[in-house]
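Listed after this line are the structures, all set down as C-alpha cells.
Each of the next two complexes has subunit A plus one other chain: subunit B in the first, subunit C in the second.
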Partner chain A sequence: MDTNLAIETNDLGRVYRLRGPKRKGDAKQLVALDGVNLEIRRGELFGLLGPNGAGKTTVIKILATLLLPSSGVGRVEGLDVTRDVQEIRRRISMVSGGETSGYGLLTVEENLWMFARFYGLDNVTARKRIDALLEVVGIADRKRTKISDLSTGLRQKMNFVRGFISDPNVVFLDEPTLGLDVTAARDVRGFVKQWMHDHPDRTVLLTTHYMAEADELCDRLAIIDRGKLLACDTPENLKHRLQREAIFNLKVGPLGPKPSRDAMIEAVPGVRQATIVEQNGHTELNLILAQEDVLSNVLAHLTRRGSSLISLEKREPTLEDVFVDLVGRRLDVDTSHHAEGEHAAG
Partner chain B sequence: MLPAERVQKATGLRLFWYTIWARAYPRIIGSTREKSWLFFETVLPLMGTASYVFVYRAIGAPEAYTGFVVLGGAMTAFWLNVLWAMASQLYWDKDGGNLELYVVSPGPLMAILLGMAVGGILMTATRAVIILGVCSFLFNVSYQIASLPLLVLIFVVTMAALYGMGMMFASIFLAAGREAWHISNLLQEPIYLASGFYFPVKAMGFWIATFASVIPLTLGLDAMRQLIFAGDPTLGFLSVEVELIILLVLSVVFIYGAIKMLAKLEEIGRREGRLIERRR
Partner chain C sequence: MSITRSFLDTPFVRRSNRLRTFITAAWLGWQIESNWADPFLFAIYSIVRPVTSVLILVVMYSVITNGALQEPIFAYIYLGNALYILVGQVITGVSWSVIDDREHYRTLRQLYTTPMDGYFYLMGRGVARLIIGLISVLITIGFGIIAFQLPISIGAINWPMLLASTILGVLSLAAIGMVVGSLTLMLARHFWSLGDAISGALYLFTGAIFPLDVLPAWLRPIGFAFPVTYWLELARRAILGPNAAKFPTLSGFSDLELTGILAAITLMLLVFSWFFYRWALHRAKENGIFDMETSY
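For the complex of A and B:
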C-alpha cells in the first residue's frame, strides 16, 4: 500500500437496484460505476469530470462512507471504506452543491457550531475557527443571520465553512459551485485554491461538470462517463492529446433537415468529432479534424448541403474538446437516466 | 487566516457528549425562536383535554377521572413528540440533506438520536407542565401524591423507555421513505385509545391493556395515576412496583434494540443506497 496516496480505488463498482412496480422478473439494475481505478496523491486537488449521471457523485459517496461499493476496493488514507468507517469519518468532510443542510431557525454561527461539535471540536476551538473561516469566505457579517434568510450563494459559502471547520485531511467537493452566480462561484474557487496553498498536505477530490472550473483548479483530473474512467492526467497533458488535431469553430447558415448517416458531417473523411448546435438562424459547428487540410472537404460538404460559412475560428484544444474526443458527445448532454436513475447521486 | 496547527478533536465518550448537546441545541433554541408553537402545542391540546373533562362531568363520573384526563392530556405531548420529532425525524433529516452530514461525521448516530430526545423532552416537558398547570387550575384538580420519589422515578423510567422506543422507531425510519410519515399517522390516534390516555387502561380489559403495555406510556401513565391520585388505587391496572419493573425492562430492551437496529439499518442503508436518496 502506497502511504503517499490519499485516495485509492481498485476496480470500484456500484450497481443500483431500481425500485419500481414489484412484478416478478421486473427488477432492474443500473451500473453506476464499472471498475474504476484511481490513485490520488496526498496534497493533490484532483477533479472528476463528467456529465450528470456519469458516476462522479457515486464515487464520492462511496469514499465518504455513505454508500457501499458493489465490487472492488476503496481506500481513504489507506483505510478501507467498507471496514474502517469510523476512522475515515474522523479524517474527511464533504460539501455538495445545492446543499440545503442545517436548520433554518439557527443562525450561521449556531449551525456551524453544531457541526463542529459533531467532529469533536471543543467550544473555544469551534468558535475561533468559525470566526476565522467566515472572515475568509467574506460572510463574517452574516454570523448571526438565520440560515433561512441567506441567499443560495451565501448558504453555499456557509456550507464551505462547515466542510473545512473540522480541519479535515481529505475534502470531497461534489459540484460545489452548482447553481451559484459567477461571483459566488469565483469566491468559492478562490477559497479552495487558497486552502490548498495554505495546507499543502491536504487533499481535495472535486467533482464538476464545469470544464473551466476543472481546468482552473485541478492538479490532475479524470474523465468519467457512464460509470467508466476514460482518461486520467493533468489538464495540460489531456489537452496535449489533441495537440496534433486541428480544432475549428464554425458558424454557418442553417443546415436544414438532418441528412442520412452517410451524408452527415461526421462522415467526411478526416473529421474526428463534430458537435452541432442549432442557434437562432445559424448553426455552430465544433470540429476536431485529423489535419488542417480536412477543413476544405468540410466546407465543400457544407456548400453541397446549401449552407454558407459565416465565420471560422481555429483554436487551442480545451477540456471540452478532450471530453468530446473521448466520449463522442458534449458534456452538457445529460445521461443520468442511463446511469443512476432515481438516485440523487449524479 | 486559519491557524496552521492541527485541530485537536475529541473522541469516544467526550465526542458522544458533544454530539448529544449539539443535536439537542436546535430543539431547545428553536422553541424560543418560534413562539407560535406555544399556542398550537398548548391551547389546542387543552381544548381536547377539556372536552373529556366535560364528558366525565356530564355523566357523573368520579371526580378522580378529571385528574386522570388532565394527566393523560399532559402526557400526550410526549407521545406526539416521540412520533413526530423523534421517530420520523431522520426521514425529515434525510429529505433536508442533514442525514448525510450526520452519517459522514464521526459523531455517533446514537448520540444524535439521544440529542433529539434530550431536546425533545425539555421542550415537551414545558408543554406538559403548562397543560397540567392550566387544567388543574381550571378544573380544580386536587392531587394526593403517595410517594414523590417513586413518582419521579416512574416518570424518568417511562421517558427512558418511551424515547428508547422512539430511537428504535427512528432507526427503522432511517431506511424508510415517505412511509415513515404514514406510520406515524397510523400510530398516533390508536395509541390514545389503547394506552388509556383519557381513561384508566384497566377499562380496556386485561388482554388489550397487556398488549398496549408495549407502549411505555400505558404503564407509566397508569402508575403515575396510582401515585398521584392515591385516594382511589383500585383503578390501577397492575401494582406500581410491577409496572416499574416492566418499564425498566422495556427501557433496556428498547435502548439496546435501538443501538443494534441503528447499526444494522445504517449498514443496509449504505448497501442499498437509502442514505443518499431523496424523493420529494
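For the complex of A and C:
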C-alpha cells in the first residue's frame, strides 16, 4: 500500500438492482461502475469528468462511506471504505453541488456549529472557523440569518463552508458549482484553489461535467463514461492526444433528413469524430479530422446534401474534444436513462 | 445554545463521541420541535392538544356510563390515556427523524459523512418529543385532577417507582422507535406512518384504555410481550395506589417482579435495536437506498 496515496480504488464496481422492470426483457440491473482503478496522490486536486449518469457521484458516495461497492476495493488514506467507516469520516468531508438542504429553522451559525460538534470540534475552534470561513465566502453578514431566509446560492455557499469546517484531509466535491451563477461559481473555484494552496498536503476529489472547470482546477483528471474510466492524465496531456488532429467548428445550413454522426464518419474518410447539433434553423458541426485537408471532402459532402457553409472556425483542442474523441458524443448528453442493455451509470 | 455549548465542552462529554452526538442531536430536535411557532403559540398548542384529545375520551365515557366519573375504572382509563401520550411521541420522535432528515431537510447524506454515531443521533432526536410528551402528560393529569377530581394525591405518589418505571418505559419505547427508524432506513418509502401505526396498535393491547382481561384470551399474550403493558401498570400503581389494585390483570405480580420484567424486556429491546440498526444501515448502503429521496 502506497502511503503517499490519498485515494485508491482497485477494480471498483457497483451494480444497482432495478426494482420492478416494467416489461419482459427490461434490464434487471444497472452497472453504475465497472472496474474503476484510481490512484490519487496526497496534495492533488483530482477531477472526475463525465456526463450526467457517468458514475461520478457513485464513486464519491462509495469513497465517502455512503454506499457499499458491489466489487473491488476503495481506500481513503489507506483505510478501507467498507471496514474503517468511522475513521474515514473523521478525515473527510463531502459537498454536493445544488445542495440547498439544511435545517431551515436554524441560523447559518447554528447549522455550522452543529456540524462542527458532530466532527468533535470544541466551541472556541468551531466559532473561529465559522467566522473565518463565512468571511472567505462572503456571507459573514448572514451569520444570524435563518437558513430558510437564504437564497439558493447563499445556501450552497453555507454548505460549502460546512464541508471545510472540520479541516478535512480529503474533500469530495460533487459538482460543486452546479446551479450557481457565474460570480458565485467563480468564488467557489477561487476558494478551492486558495484552500489547496494554503493546505498543500490536502486532497480534493472533484466531479464535474463542466470541462472548463476541470481544466481550470484540476492537477489531473479522469474521464469517466457509463461507469468506465476511459482516460486519466493531466488536462494538458489529455488535450495533447489530439494535437495531431485538426478540430473545426462549422455552422451550416439545414443538413436534410436525419443528419447523424455515424453517417458523417462513414461518408467522409478521415473524419474521426463528429457531433451534430441542430438549432435555430442551422446545424452546428464539431469535427475532429485526421488531417486538415479532409475538410475539403467534408465541405463537398455538405454541398452534396444541399447544405451551405455559414461559418467555419479552426481551434485548439479542449477537454470536450477529448471526451468526444473517446466517447463519440458530447459531454452534455445525459446517459443516466440511456442504458445500453444493462449498462448505465448512477 | 450557550448552555448546550458549555455542556458539550465539559471534558467528559468531549471525550465521548456518542454522548456528544446524543446531546447535539437533542439540541437539534428541540430547535426543530419548538421553533416552528412563536413561544406563545407553541405553549397554547402544547396545552390545548392533549386536553382536547382527553376530553373526547371523557365525553365518550360519560355517554356510555351515564357520567360515572367517580368509578375507579374512570381513573384507570384517564391515567392510561394520559400516559399513553408518551408512547406515540417517543416512538415517532425517534423513527420520524430518518424521514425528516432524508426527505424534508435532505441532510441525511451530510450527517452520515460526519463521524457522529447514528444510533445515538436518532435517540437524541427523540428527546425533544419526549419532553413535549412529558409536558402533555403532566398537563393532562393536572387537568383531570382539577376538572374531574381524579383520586390522585401528590403526597401519596410512589415517586421512586414512578420514576424508575417511566425511565424503563421510555427506554423501551425509544428502542421500539429505533427498530422502526431502522426499518425506515432500509425500506425507503411508505414508512412515514409506521411509528403512528405501531403506537396505535399497541393502544389496544397494552391496557391503556381497558384492562387486558377484556381481550379474548388468545390476544392477551400480545399485550404481555410489550413493555408498555408493565410500564402502565407500574405507573398506575405508583400514582393511584390502592385504587390500581381493583383491576386484576397483573395483580399476581409484585411491584418488584413487574419492574424486573420491564427491565428485562427493555434490555432485550435495546440490545436488539442496537444490532438491528447496524444491520439495517449496512443493508441500506448495500442496496443503495440509504440517502434515496422518495419525495413522499
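Criterion: the second predicted complex is superposed on the first by the 322 of 346 C-alpha atoms of A that agree within 3 Å, B and C clash if a C-alpha of one lies under 4 Å from a C-alpha of the other, contacts with A are read in each partner's own complex, and residues count from 1 in each chain.
As a convention for this text, contacts are C-beta pairs under 8 Å (C-beta built on N, C-alpha and C of every residue); 3 or more make two chains touch, one makes a residue touch a chain.
The shown structure was predicted, so the numbers you read here are calculated from the model rather than taken from an experiment.
Superposition of the two structures on subunit A leads subunit B and subunit C into a clash. Taking subunit A as the reference, the larger set of touched residues comes from B, when subunit B and subunit C are compared. When both complexes are overlaid on chain A, the residue A:D167 reaches subunit B alone and has no touch with subunit C.
Contacts of A:D198 after superposition on the shared chain: subunit B is touched, whereas subunit C is not.
In the superposed model, A:R89 makes contact with both subunit B and subunit C. Residue contacts after overlaying the shared chain place A:G179 against neither subunit B nor subunit C.
In the overlay built on the shared chain, the residue A:A132 is in contact with subunit B alone; subunit C does not reach it.
Applying the stated touch rule to the two superposed structures, the overlap between the subunit B and subunit C interfaces on subunit A comprises residues 16-17, 61, 64-68, 86, 89-90, 92-94, 96, 99, 101-103, 105-106, 110, 113-115, 117-120, 122, 162, 166. Listing the residues of subunit C that touch subunit A in their complex gives 1, 5-6, 8-9, 14, 17, 20-21, 24, 27-28, 31-32, 35-36, 105-107, 109-116, 282, 285-288, 290-291. If you check the complex, the residues on subunit B that touch subunit A are 1-4, 6-11, 14-15, 18-19, 21-23, 25-26, 29-30, 33-34, 96-98, 100-107, 112, 267, 270-273, 275-279. By the touch criterion given at the top, residues 16-17, 61, 64-68, 86, 89-90, 92-94, 96, 99-103, 105-106, 110, 113-115, 117-122, 125, 128-129, 132-133, 136, 162, 164, 166-167, 198, 342-345 of subunit A touch subunit B in their complex. Taken in their complex, subunit A has these residues touching subunit C: 14, 16-17, 61, 64-68, 86, 89-90, 92-94, 96, 99, 101-106, 110, 113-115, 117-120, 122-123, 159, 162, 166, 346.
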